[in-house]
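Okay, so chain A shows up in both of these, paired with chain B first and chain C after.
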Partner chain A sequence: MRAKVIVPLLGILSLIYIFLLPNPPSPVILKIRIFRLLLAIYTGVTLSVFGLFLQGALNNPLVEPYTLGIASGAALGVSIGILVGSALSINILAFLGAVTAATLVFFLARLSGRLLREGLILAGIIISFFASGVVFLLLVLNGRELHEIIYLLMGYLGRVPTRSSYLHLSLSSLIAGVSLFYIFFTTKALDIIATGYESAHSLGINVNRLLTRGFIIISLNVGLLVTQVGVIGFVGLIVPHLARLLVGDHHRPAFYASMFIGIGFILIADLLSRSLTTIELPVGVITSIFGAPFFIYLMIRR
Partner chain B sequence: MRYLVLLTLLSCVGERQKSEVKRVVSLAPSLTEMVFFLGAQNRLVGVTTFCDYPPEAKKITKIGDFSNPNLERIVALKPDLVLAALPEQRRIVAELSKMGISVFTSHPKTIDAIIDEMDSLAHLFGLPFPEDSLKKLIYPLPNFDRKPKVYIELAADPIITVGHPSYLNDLIIKSGGINIFASVEVEFPVVSWEEVVRADPDLILIFHNQRCEERLGWKELTAVKNGMVFSGLNEDVFLRPGPRIFIALSELRRIIEGCVPRL
Partner chain C sequence: MIEVDGLTFHYDHSVVLDRLTFKIQSSEFVGIIGPNGAGKSTLLRVLGGLLKPQAGRVLIDGKELSSYPLGELARLVSFIPQETHFSLNFKVWDVVLQGRYPFLGFFKIETKKDIEAVQEALGKTRIDHLADKSILNLSSGERQLVVIARAIAQTSRILLLDEPTTFLDIHHQMEIMSLLKQLNDEGKTIVMVIHDLNLAALFTTRLILIDRGRIVAQGSPEEVISEDQIERVYQLKVTRIKHPARRLPQILLG
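And then the complex of A and B:
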């Protein structure tokens, strides 16, 4: 029922994105804009679904790849990769950066003794700030423009598309597809985890294994994502909440809803980021402006 | 003269104002080049590590780089005038003024403004300035029936170009072209590749060393079809708003003259 409304709405939004705003395209521009649309869809879907998974698996409504510092860790990998050189090394280093950040966050959270609550967020923020700081330092020391750093750390969908960026996007979409498949099959387990870790254990769910696999998968995907669009915050936080608001707390319907709402959210954010001012703003500017108040709302509500 | 912000000391040191400046610290390569152009280089007691032209500038004491001039080192040189560039050096300008050190700030938005700034500097140094002969290098402006659309790319990721308030916009106008981003009221705006393709420039100047050929829509651009892409230009000549801008001007005029018959 709801899908019948959402899907046509998304179709209309995509058509607006491609054909109307900021202005109608020529054939060449159409090619460029379709790439940006595909990139936005890939970004919206992966960030939202991974946000849903993390919130479910950690039983914590405030986590997502951004608040856990995974995205900033990936950005640190990307910036080392930019200085090292080859495209392959950027992707690998982004993955390593993401994995390292995730591991450190867990280690820190465990040290604080409040692993699954504010300890995680606190650790995520610490790692995130640290990684962003190192990104700045590394790139500035190597004579890079401040713009480049800001657009990496705030996320940007408008990087110049080349033929190899199509290949990059196709490969990472493929990996994302397989990963989403895995996450889809964890949705039942996530429903059980929602009732508490105790009962999940007693029902034979290996939470540690689920988390470990989930973190590796998410690090890999976030690494690939950040290489292409930089760090886009709060999408993975807001969208799963909106999805649950719409379809209820069960993870399978929320999975579908997150995918669709994620696409819609990022498309609207990108349209705003490119039409609010005469220059192209990083899309993260818009998602953060929406995201921060939402985060506060979630904190107060609990 | 309106670009001149000379922060004067209080009346007790008013006497010193009348005498010429003797010890000058320059915080920008463009300003160092201006001082050399005026022939006042022997009064330069400090420059930045970026100040590499003319080569003699490298021998002068360094006070840090353009983005991070070191306040203590500047003060230690006991300058009676510091030359700084805006908007980047706003902070240190404020610091220096607070300490009562005279600061000359540079932020030219046109080529005429570059001349005006050099004129003001010449006044401060008590030196003659060949304003008229420099103006002759600019005027009369070349006038083509169809002005080529020019696109300048300063960085590739994200794309940074030049907007209306930039002296590079004026450089394009004074060379007989039009900047495709002349309507943008930001000095160095970030724009999307899509907008560049839509504007379809007749002439492209690239000031970074990333590859562009692979971009979607690159081969369809008029400038690319006509072989009007220039990427080997001397960055320092074009990107420093100092006296060498006249070299940039004559170079861009030559390029545009070669571009016009193909329109």
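And then the complex of A and C:
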């Protein structure tokens, strides 16, 4: 019943997104905006669903895909590549950085001798800070060449599409689709994990295996995502909370809800980023600035 | 049947369980007793497959515990922790239904058989009336019953419980113990860690007394709960009396 309301609502939102704001487009602009819409849908769905999975699997309502050090790794990969004068494209550098950081986080978590679920969060935060530190150091030392990194750090949907970016988006959407399928089948297990890891184990759930697979899947996807839209914070954190507020705490309904709310959230944030000021703001700035107070409101309401 | 042979478990350099050997027959009701830090909870977690021992073997029905796939083990053994924290807002029915997870197929959809198992578990624990209530609004006694109902729905033959009565008032303590006794009469093997020696003496068929990772005594409550044995292990003066109605040993402090 809710789907009957939500789907047309998202349709209308998409039409506004393409045709109306900030002003009606010419055919060329239309093409750009349709690509942008597709990119927004891809971003909203993946970040939100992965956020839901991580919050459930780590039994921690404060994690999101970017907590795991992946984004900072991407930024570091790009900055090093640019400074060294690498022949690789920015996309590939970002992807390599993201995957390297994720691998590092994973092995650090295993090495720490802690439980994987605690180790991942801790190692993710450590690698994030470290990578961001190095990026800022490079920025300070070589300010001029690195303006591209700033865009990457803030998240931006409005790149002009080329043939290769269509290819890139379709390939990563395909991978995301398969990944979502996997996440979908873990939702019942996530419900049980919410009642404790020992209970989950006793009910036949191999939590470490679930976390390892989930982590690999998310690293790969977010690595691909970061190369296309940069870091868009807060979406993966807030949307799962909104979804649970709307449809309850069970992970299966929250999975559907996260997808739809994720799309709506990104579309609205991007509309705002295009129409609030005369210059276009990076959408990551909007999600963070509007997301934080909104999250505080949710926290107090609960 | 559970067979434990030369079981040793240690964290880094501190030995927690030191070459334990014992057997638990099917449909026994075994209490594991001993002072804090004796290794009781660790032992229970090893039996539940939650911790892996460094040496020794645990056999369940003649087969090595670690050789069971996790899903198969879940249909055989269920573990109930001391306290279960619920952070999400689930209905009692849904939590009990989680006990059916090891039986679900690839698409994880419950069948009529699963629903019946839940109804039966709610009936046995006498919490049918709570089925639609949120787990967050229950007292700790009611919550413990829900967790036991979930384990009943799991239909495993072996129930492992870690001090299930510690945080409960005497009414709920007796309620939980009587329920476990009933499940034991119906054929379940029950192994529980328990601090309350008097409660343990009233309900268990056998006690295993552990101190510093070793078995000090095992046998019927009559045999294990003796004044000098309890005084030695707990380093405390006690007086043993006979329960006037139940003819079982009870301990008075001092």
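Just so it is clear, the second predicted complex is superposed on the first by the 228 of 302 C-alpha atoms of A that agree within 3 Å, B and C clash if a C-alpha of one lies under 4 Å from a C-alpha of the other, contacts with A are read in each partner's own complex, and residues count from 1 in each chain.
Keep in mind that, in the parts below, a contact is a pair of C-beta atoms (placed from the backbone, for glycine too) under 8 Å apart; a residue touches a chain by one contact, two chains touch by 3 or more.
Note that the coordinates shown come from a computational prediction; the quantities given were computed from them, not determined experimentally.
Chemist: Does the chain A-based superposition show chain B and chain C clashing or fitting?
Modeler: These partners fit in the superposed model.
Chemist: For A:Asn59, decide between first (touching chain B), second (touching chain C), both and neither.
Modeler: second
Chemist: Examine A:Lys188 and indicate which partner it touches, taking first as chain B and second as chain C; both and neither are also allowed.
Modeler: Touch status of A:Lys188: second partner only.
Chemist: Tell me the angle subtended at the Cα centre of chain A by the Cα centres of chain B and chain C, rounded to the nearest 10 °.
Modeler: 150
Chemist: Just to be sure I read the superposition right, which of the two partners does A:Ile279 touch: chain B = first, chain C = second, or both, or neither?
Modeler: Only chain B is touched by A:Ile279; chain C is not.
Chemist: Given the touch rule stated above, what does A:His250 touch, chain B (first), chain C (second), both, or neither?
Modeler: Only chain C is touched by A:His250; chain B is not.
Chemist: Under the stated touch criterion, which partner chain does A:Phe35 make contact with: chain B (first), chain C (second), both, or neither?
Modeler: first
Chemist: Contacts for A:Glu198 in the overlay, against chain B (first) and chain C (second): which applies, first, second, both or neither?
Modeler: After superposition on chain A, A:Glu198 lies in contact with chain C alone.
Chemist: State whether A:Asn206 touches chain B only (first), chain C only (second), both chains, or neither.
Modeler: second
Chemist: In the superposed model, how near does chain B get to chain C, counting Cα atoms only, in Å?
Modeler: Minimum C-alpha separation, chain B to chain C, in the superposed model is 42 Å.
Chemist: Under the stated contact criterion, what part of chain A meets chain C in this complex?
Modeler: Residues 59, 185, 187-189, 191-192, 194-196, 198-199, 201-206, 244, 248-250.
Chemist: Which stretch or stretches of chain B touch chain A in the complex?
Modeler: 155-160, 183-186, 189-194, 197-198, 214-217, 220
Chemist: Can you check the complex and tell me which residues of chain C touch chain A?
Modeler: 45, 48-50, 70-75, 77-81, 84-90, 94-95, 98-99, 101-102, 104, 106-108, 147, 150, 154
Chemist: Can you tell me which positions in chain A touch chain B when the two form their complex?
Modeler: Contacts found on chain A: 23, 25-26, 28-29, 31-33, 35-36, 145, 147-148, 151, 156, 158-164, 274, 278-280.
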